[in-house]
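First chain A sits with chain B, and in the next complex the same chain sits with chain C.
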Partner chain A sequence: MSNKKLNMKDKYRLLTRDLEWEFSYRDRKEIFPQEDFEGIKITDWSKWEDPFRLTMDSYWKYQAEKEKKLYAIFDAFSQNNGQQNVTDARYVNAIKLFLTGVSPLEYQAYSGFAHVGRQFGGVGARVACQMQSLDELRHVQTQIHAMSHYNKHFDGFQDFAHMHDRVWYLSVPKSFFDDARSAGPFEFMVAIGFSFEYVLTNLLFVPFMSGAAYNGDMATVTFGFSAQSDEARHMTLGLEIIKFLLEQHEDNVPIVQRWINKWLWRGYRVLTLVAMMMDYMLPNKVMSWQESFEVYFEEAASSLFKDLARYGIEMPPYAADAIAEKEHLSHQAWSIFYNYGHAAAFHTWMPTAQEMDWLSEKYPNTFDKYYRPRFEKWREMEEAGERYYNPTLPMLCQTCQIPMGFTDMENPTMTSYRQSVYDGERYNFCSNGCKDIFDHEPEKYVQSWMPVHQIFQGNCGGPEMEDVLGDYYRINLGVDNLDFKGSPDEARWNGWHNLQSAEDKLKKAS
Partner chain B sequence: MTIEIKTATLEPIRNTFEHTRRRFGDKPASRYQEASYDIAPENNFHYRPMWQPDKLLNDTSRTAVVMEDWYAFRDPRQYYYGTYVQARAKLQEVTENNYAFFDKRGLGDRLSEEVKAKVVRCLIPLRHMELGANMNNVLCSAYGTSTVLTQAFLYNGMDRLGIAQYLSRIGLLLDGNSAEVLTKAKDHWMTDPAWQGLRRYTENTLVVEDWYEVFIAQDVVLDTLVYDLMYRQFDQAITEEGGSDLAMLIEFMQEWHKDTSRWVDATLKSTVAESDHNKELIGRWVAEWREKAVADLAPLAEIAVGDDAVNACTEALNQRLAKAGL
Partner chain C sequence: MSKVYIALQDNEESHYIVEAIEEDNPDVTVIYQPAMIRIECEGHMVIKRETVEEKMGRDWEIPALHVNLITLGGNVDEDDDQLSLTWNN
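This part shows the complex of A and B:
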């Protein structure tokens, strides 16, 4: 028998798309009950273009090869105590933030993509989402394994899943993903598949992974490289969903536009944590937040939205607000964390003199004018033995849940406040974006589990802050939190490298 | 000259993460444990799902089964992502060689027309049932509780897609990629009276909301019957009719079923052993779905193997249930 050659597309159609059949014993609507409620109109699932045509046999084969190599590096890393080779122990706090703040989002992505991987009415879309679900499971698990060895030598990694469900600043990424998962399946895809994985991923993963590369963190950087081909697939899926929705029906266009506006702002707010990580937590800097924002958001997004213009999609109005903040964001965020360093599960510190100079150079319009004076004051207090910690509890934005510390860009010394009243209650917001998101779906955002309200209501352990931080958050007080200077992490690090702590040096000198 | 080799002796400050220490004690934990236990979000969900406002995002009440501790389960294969894909990659390598050998030696041409027709009518349409199984297992992964279970469901769901794809490739091997076989097989699935029971059963499982019931209907009841029928009895019948080469094309399914059964059995057993409530509930689901499945499968069993076939696979199912205490 002579065999006809099948091209990739035909092969994929026969092996995957053709598995589907017309239901006749049951109504389609019973099997895919979530397809209609968001107002999205799908007229023909067969128009779905498969973003990658991977059959399971090749998936297993490629992914197994990647896993084998990755775990060989993890094994070598722990055998050789690779954690000693990072630039300086302050660096490790960046990956504590990653494990407690980002890895649990990989988990949420795993659940969310399984959910839409069951709910979509087209087999092509379902299977693509299922593969992403499996990849995201890979990401959370390999991240846990990458950090497993760090956990044995540094404090603050040990209870990441417990903390993610409770700690005030982790409520920012958690609420973001809860928001996406609790939305309908199409909104989830615009939120995560498109806005997060396609538009914002370079602002999230690239900084962490390059940060690892620049700071001698073999375990994390190897994971990052290994995940790259997965991410490439996720990006093509994100782009396909947008095109598909926009091409299916013109009524979808305004809905999708609103979702893009919402989710780019929501995602951008989560990136606040990345901004401060880049500018303050990396001993060896990769580039400044502003530079990365200009390359990966301003340039990339403007060409993307040029492409999408033919569908009638425009650049979100809040993009201008994000651009206006780029010279301020990281400094304001680090100030908040420095202030609440007793309530964080990682260490904070004031930048060294050279680091401040780097910040002045990178942020010539803002750093010396607004932030250096404050930081130098804090450094003086610290040197006088009065390291500043803010004893009050901050007010949080009802939408993004970040403490209200962002300022008005017209007047950068004034905190920016927006308010809405819903059902007789007043709610506070950090920005126009956050206020608009609330105003459009107040019944959703009044439900937010607001960490500070919860503390006041007594839902987070005993009455004292120590009970909240120690018993409820399970931060090891005096160990995981407070300034890097004087921390057990610092002491161990200095021990490994025969270094003197700053304090000892001072004592000897006096 | 003496060379002094410096060895780093760094005492770890802890043996494992807190979530594994609490569960397994203060000692180094396995990779399976660190990446599977207590890592799913459980508390303080921010918003109710718009697609199911009466539940939380992760909600144990999406099944009527009750567990004191949803992490009481353990996958005997200890699959986390890395071990899972490596196990499947090994199996697929063998399969790839088998398919290549079958193709290169033109073994398809050696099958009689009768045997071929039988494969087309009785085996290939199963690819559609496998798609249903894919959707069902992904549903259990999406709405189930605890990563020890949900990850295994996702692996199972993806396996089923893989099997559907292998079945499709058997079709393409038999007709030299003209896809005629797949078209014919789909017609059987859609209109052949022998298949209508199974198709109705599959469509009925796709509307069940309780994920544990889906697991019973699909992985426990239907799969036990179908895999015994097709990959044991039908394999024997075809061999007797001179089609022994088919065996190398279905080895994946046989090996896979052995592998997955270890997990299905362990899961079922732990749930049933938990309480009388679970035992009764599952007993009821099993009885209902078994009755339907046996009746729905009978016409296919008869044309594929013969009169007694459905009894033989029911026997296999009953043995399995007995092992789990049902």
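This part shows the complex of A and C:
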């Protein structure tokens, strides 16, 4: 058989048709036991179409090409001591947060897609999910490889997988994926394939990676964009599953709408970390969080939801809440981390005078009015040798697990605070979105592993701060945590650069 | 009309692809950002194999686009000769 004569569509049809067969001695329901319980109705799986019509031969061919390019750059980066050429050592803390907070999600995505790639009754959907599963495994591996180079030269990278499972702020991304993977297969696809991949990963990868390039970090740009080259396929799969579900049966529409509402808000809350990475952790700035949010969320989501309107799908009600927060989000998030800088596995700092001016320029309605005075006070305390650390443990939102530090957008100096009572217990939430999600499935969210509750219950190493942070989280105290100023990272960085300039002087002299 | 868009890694090969897109879609806007090129257009955009091959001066197939692709927005349709992005609104 000559492959050359077949076109892409024929090849794809053969690939999928050959993997499907009639079940003669087992009931379909036994083979696909998870297909019905969520209430989704599928009448005809053959209506599924993968717009990329990717076949295995071209999949392996182009993935191999991507890997070759990627590893060539990793080699060049380490051979040239690329770690010394980033803008400044504060930048590397964004990468620490990426490795501990985001890369393990790639592994969760791998595992989740492998699972749903078995559960769907349609072969087209199964093949697409299996390929995506392989992509996600590639993402976590390449990210660990890329960052292993930084681990040789900076603190805070050494125990990322252990930390992901335990550290308080990492429970935000971890619980997001745990929530999706413990849902049914169709909800997982709407959660990850659609809301996360289609609507939100652009905000996670595109402006941040462009920012990495602008800060001299070619290794990160390259793994980021190499992962994104698969993302385009994942996004298309995410959009395809939504259209497919909506076209299959009108009863699917309200179920899908509720999932979209839920997962868009859940995902947006996780991106809080990205907002502060962009505005506070990149020394050279490409665009502000607000600007990227406008391009990649407001503009992109409005085109998308206009397109879905013909199925009866509407923009989630919480989108307005996300838009209202865009001028505040990164500042509030950085304030939380600055406060709890002793309990983080990366360094925090107050922006320089010049950086504060950039923030004033980018956020003319909010920065000077609400945040600058507080930040300048903290800077004064720091200069007086009394760097502020908050000694209490924060109250967390039961749904997103972020400390209750967001404010009411109508009254931006008041903490936004919602409550529900379930089974005689009171639960706290940061927003309407988080409260509604809980109220719909309280029996799920009362089981959440809440880091602060766990500390109080004595499940995290012991009663003292050192027990929790040092023994249980495995933060190397006095090394990985606290302010960037005075850290071993800073001392090493200064060492390299003085050394370099001394070498330069010698070269010039000879 | 909503905007469809595609973003490519800023490298040698992408420059030819961008040239081809500009030729086949005269209304596109091309935006250069650190390490990436974003191309957007109202409603519809198409990338044609033939035009890219002409710009590169060698054979090129549509799935090779994935090697340099960062992100896209719009409904995708791909076959052997072209990849198109469309919003129906």
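Simple rule for what comes next: the second predicted complex is superposed on the first by the 490 of 510 C-alpha atoms of A that agree within 3 Å, B and C clash if a C-alpha of one lies under 4 Å from a C-alpha of the other, contacts with A are read in each partner's own complex, and residues count from 1 in each chain.
As a working rule, contacts are C-beta pairs under 8 Å (C-beta built on N, C-alpha and C of every residue); 3 or more make two chains touch, one makes a residue touch a chain.
Quantities reported herein were computed from a predicted structural model and do not represent experimental measurements.
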| item | value |
| --- | --- |
| Which of chain B and chain C A:Leu393 touches, first, second, both or neither | neither |
| First, second, both or neither for A:Met465, with chain B first and chain C second | neither |
| First (chain B), second (chain C), both or neither touched by A:Ile323 | neither |
| Partner chain in contact with A:Thr236 - chain B first, chain C second, else both or neither | second |
| First (chain B), second (chain C), both or neither touched by A:Phe157 | first |
| Contacts of A:Ala491 with chain B and chain C, given as first, second, both or neither | neither |
| Which partner reaches more residues of chain A (counting touched residues only), chain B or chain C | B |
| First, second, both or neither for A:Met315, with chain B first and chain C second | neither |
| Contacts on chain A seen with chain B and repeated with chain C across the two complexes | 65 |
| Touching residues on chain B, where the partner in the complex is chain A | 8, 10, 12-19, 31, 34-35, 38-51, 57-58, 80-82, 85-86, 88-89, 92-93, 95-96, 103, 106, 108-109, 127-128, 130-131, 134-135, 138-139, 141-143, 150-151, 154, 157-159, 161-162, 164-166, 168-169, 172, 175-179, 182, 186, 189-190, 199-200, 203-204, 206-207 |
| Chain C-facing residues of chain A, complex | 7-9, 51-54, 58, 62, 65-66, 69, 201-202, 205-206, 209-211, 213-214, 221, 225, 228-233, 235-236, 239, 286, 299-300, 302-304, 306-307, 309-310 |
| Residue ranges of chain C touching chain A (in the complex, touch as defined) | 2-4, 7, 9, 33-36, 62-64, 66-80, 87-89 |
| Chain B partner contacts - residues on chain A that touch it in the complex | 1-6, 14-16, 18-26, 30-31, 34, 37, 55-57, 59-61, 63-65, 67-68, 70-71, 80-81, 84, 104, 107-108, 110-111, 114-115, 117-119, 123, 126-127, 130-131, 133-134, 137-138, 140-142, 144-145, 148, 151-155, 157-162, 164-166, 171, 174-175, 178-179, 181-185, 444-445, 447-449, 454, 474, 488, 492, 496 |
